[in-house]
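What follows is chain A paired twice: with chain B in the first complex and chain C in the second.
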Partner chain A sequence: MPITYDSVHFVYAAGSPFESAALNGISLVIEPGSFVALVGRTGSGKSTMAQLLNALLVPTSGEVVVDEFVNSADKKKRSRKLKGLRKKVGLVFQFPEYQLFLDTVEKDVAYGPKNFGASREEALEKAHQAILEVGLDASFFERSPFALSGGEKRKVAIAGILAMEPDVLVLDEPTAGLDPEASREALALFRKINAKGTTIILVSHDMDLVLEAATRLIVLENGKVVKDGDPSSLFEVDLTSYALEEPKVFRFVDLLKKNGLELSPSNIRDVESLAKAIKEAKQ
Partner chain B sequence: MTSFSMGRYIPYDTFVHRLDPRTKILALVLFMIAIFMGQATYAMSFLVEGVILVIAIALYSYSRMKVKVLLRSILSMWFMILFLLIVYMFTPRDASTSHLAFELWGVKVYWEAFLDTARIVLRLILMVMFSLVLTATTRPLDLTDALEWYLTPFKLIGFPTHIFAMMLSLALRFIPTIMDDVDRIMKAQTSRGVDYQKGSLISKIKAMVSLIVPLFVQSFVRSDELANAMESRGYDPNGKRTRYRKLSFHLSDLIAVLLTGAFAALVMYVSIVGFDPFLAWGGLATW
Partner chain C sequence: MKALEVKGLSFSYSGDDSEVVHDLSFSIEEGEYVSLIGHNGSGKSTLAKLVSGLLGFSYRGEISVFGTVLDKKSVRAARRDIGLVFQNPDNQFVGSTVEEDIAFGLENREVPREKMQAIIDEYSEEVGMRDFLKKSPEGLSGGQKQRVAIAGVLAMEPRLLILDEATSMLDPSGKSEILSLIHRLKDKNASLSILSITHDVEEAAKSDRVIVLNAGRKMMEGTPKEVFARSEELASIHLDAPFAYRLASALRAEGIEVPSDIVDEESLARWICR
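Showing the complex of A and B:
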């Protein structure tokens, strides 16, 4: 079943002088198994959208539906039992290192699965697998999560969500603060998880990564969807007006065009496909 | 999270907001004195406190505060109210001057027990109202500046008022930040399947651990960073420094201080001479 946002509005601290509208009427449907990238300038409402999905925030009006779970402004329609929703939708926060609290990495990663009913052994096994998946080795199992570097903490936090094996994985800027290689590895991991059928919603400012991995790109601006479509269709759009960086391959295609080599950008997503397009153009 | 925002500064622009924080602190103290002055009889007590309640309600609504906040803080006192009532019920009283209400398991319960409880509860509500008005209309930093000003005489005996004020303002400054941390950590743990609302006592305690450990870690990290940042910018706790914001005392402050001062003086006078207009009506005089 798809995820639906139905004319969702969200206002922080409604009715106080601190009131601020974060989402102004979001309506969209996310198909299962898709890899959606959510981009937009700072403060455009991405994190708010992500938290609504997990019912951590409740819409001011409208509703968000994930399978049988309804997160609605209308109290009568709202689902009561939310544990199932949280098992289904795994949310990696913007600064997930806040959530670490147990004395070893493996225990912390196993905490989520255990809360959702896994036995101790099962949870530990899932934890070990997730820790290895995010690119940390077995020597980290017994280490204290508080004695790790920022990037390592981030990886542990991501593993903590992966170990829950959610159907929908929401990642709020998971690669911020990771080195380029670690970012690439993380993205490869997300693609692998996506290939197994997990829906992925990725919030990111890294347009290169987004273009490479996403099957759909949603641009937010002032709490509204301003662009929604296939990532390569963005070639025509002036991304800088949404405070986004143009992907490097697009810039390269632009420069080639200025120098007399016209390529169709519709299939270009990364260096590989760029090289292919150049080869075809030469023949 | 709204329950955490009780008494938090709300930047409206009312007469009360614009008053000098020193005026507001002094007025608070004066009102507290007025509230806790004992009066000759119950009737007089409730009359005086009724007048103060009218003033409190006026100030409260004038500073545009929500009734909900007050009701919630009163409701959170229910246990204490019950406890007080029980204590007063079992307090032995002079049977000749007290009024018997009923007898419970052989214990004589007097009407005075209820009146005493009501009086204490009313005083607490008044105190809460005035304090809420103070904290909701005054920036925390202004509040510490004002406290520091009141502490200046202690400088003469070597009390480090500036260090004290800095500590206080840092503590106040970090309350909202810590509240944000609480919110963030609770959200992150909730999405890992922690339930902070429901569950057995044990699971609730476990849930609290998942909140408190990261909160402490975060707070220690933050205070460490803050100390480093201050030191690397050359902060000297004993240095002499000027201020960005100056407190200023206006005519309106003078009027406010004089009015509250006069009111408190009147209540004190009435209390000391034991004045009671109800004495004229024989019936109430025995209460």
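Showing the complex of A and C:
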């Protein structure tokens, strides 16, 4: 089942002097199994969209539908048990390692499944699977999460969400603060999870990452969708007007154009594909 | 004059046998902008704390700041020459407004009130935050908070500025705000020495000299050009080279022999289109 946003408006502190509209009529459908990037400046509505998805927020008007769950402004339509939605949609917040709190890695990761009614054994088994899946080995099970490196802690935090076996994974700036190798590993992990059928919604400022990873790109501005399409269509967009950086490979394609070599951006995603395109153009 | 000199430094946290920093020697000349790069866990941040005397003196080797060897007695005076900016903009905001935050260090030094306002005005102007003096931190972006932190540090007139991953938690626009501020400061004050601890190689490429740290040891040292030309060695310790270097090696892998002296994007584009 797809995810549907139907004429969604969201206003923070509605009716108070601090009232501010975060979403101004979002309507879109996200197909299951897709890898979608949500981008836009700080305050454009990205995080609000993500939080509506697992009912941390309720729309001011309109509705968000995920499978049988309806998160609607209309109380009569709204599903009663939205807790199930939290299991279906896993939200990985920015710097999730700050939320680790138990004394061993396995206990921390097992916390989610236990909370959703799994027995102790079941929860531990799911935790072990998730820890292995993010690329940590069994020696990590009983270590303290606080003695790990930044990259390892991030993996533990992501494992904590994966252990709940969500159908949709929402990642808010998942590679911020990681070194290049850890970022690449994280990206490979997200691709692997996506390849198994999990829908991924990536919220990021890192346009290089977005271009490399996502199959669909949604640009938000003032709570509205202003662009929606294939990431390579980014090339035609003046990203700086949305406070976004141009991906480095596209910046270089522009530079080549100024020097008289025109490349089609459609297959260029990373340094390797850019090098191939240059080679072909020169032959 | 050397702003910082580190000789044969080895350190391990108490209760732990493994050395986080191992037999490390390097120095920074006055007025030099040096980047120290390394992956997560390479010992970079420990080093920043050691040279500012924050981890005590139970290390082997010697650290000198502007010619003074650090020890229990000298550290207070030496710390006056050092300004430290940390990674997390939220953890270092101590005032309830921008103005109070910048004033914090000055109050500790018992700067008289009438002088203080002039200093606050000057440095908030310098970092482009003068219009925000009465604002509380909640309404500021990460980049703005980090600029306030830098203003607070600059107000103490340090001769050596140490940036410990100061941009790593910021979004791209916050990052470029800070980087252009650093370059502006350097242009204005040629004798300001900077040690920037970072894993942002694009930033390091713009400094005077780069030191690469791996597992607490110095692995390379040189100009950005010298260091980033060794991209395979960098990759072996989980570091990327800047974009132009990465593209040049991807082109070589495709059989296009890019000359090794081409290290910036402009000249690489011109060479490709020649």
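Please note the rule applied: the second predicted complex is superposed on the first by the 261 of 283 C-alpha atoms of A that agree within 3 Å, B and C clash if a C-alpha of one lies under 4 Å from a C-alpha of the other, contacts with A are read in each partner's own complex, and residues count from 1 in each chain.
In this text, contacts are C-beta pairs under 8 Å (C-beta built on N, C-alpha and C of every residue); 3 or more make two chains touch, one makes a residue touch a chain.
Model, not experiment: these values are computed from the prediction.
Visitor: Between chain B (first) and chain C (second), which does A:Lys282 come into contact with in this model arrangement: first, second, both, or neither?
Guide: second
Visitor: Quick one: classify A:Pro231 as touching chain B (first), chain C (second), both or neither.
Guide: Neither partner.
Visitor: Which of the two, chain B or chain C, is in touch with more residues of chain A?
Guide: Of the two chains, more chain A residues are contacted by C.
Visitor: Counting only touches as set out at the top, which of chain B and chain C does A:Gly45 meet: first, second, both, neither?
Guide: neither
Visitor: Just chain B (first), just chain C (second), both, or neither: which does A:Lys87 touch?
Guide: The answer is first: A:Lys87 touches chain B but not chain C.
Visitor: Identify the partner contact of A:Gly151: answer first if only chain B is touched, second if only chain C is, both if each is, neither if none is.
Guide: In the superposition, A:Gly151 contacts chain C only.
Visitor: Go through the superposed model and pick first if A:Pro180 touches only chain B, second if only chain C, both, or neither.
Guide: Touch status of A:Pro180: second partner only.
Visitor: Given the touch rule stated above, what does A:Asn54 touch, chain B (first), chain C (second), both, or neither?
Guide: A:Asn54 sits against chain B, while chain C stays out of touch.
Visitor: Which chain A residues lie in the overlap of the chain B contact set and the chain C contact set?
Guide: In the superposed arrangement, which is not itself an observed complex, chain A uses residues 95 for both chain B and chain C.
Visitor: Which chain A residues qualify as touching chain C in the complex?
Guide: Contacts found on chain A: 41-42, 95, 149-151, 176-182, 205-207, 243-245, 248, 251-252, 255-256, 258-261, 271-272, 274-276, 278-279, 282.
Visitor: Contact residues on chain C for chain A in the complex?
Guide: These residues of chain C touch chain A: 39-41, 87, 141, 165, 168-169, 171-173, 199, 201, 238-240, 243, 246-247, 250-251, 253-256, 265-266, 268-270, 272-273.
Visitor: What residues of chain A sit close enough to touch chain B in their complex?
Guide: Touching chain B from chain A are residues 16-17, 51, 54, 56, 83, 86-87, 89-91, 93, 95-96, 98-102, 111-112, 115-116, 146, 160-161, 164.
Visitor: Can you tell me which positions in chain B touch chain A when the two form their complex?
Guide: Residues in contact with chain A: 10-12, 181, 184-185, 187-195, 209-210, 213-214, 217-218.
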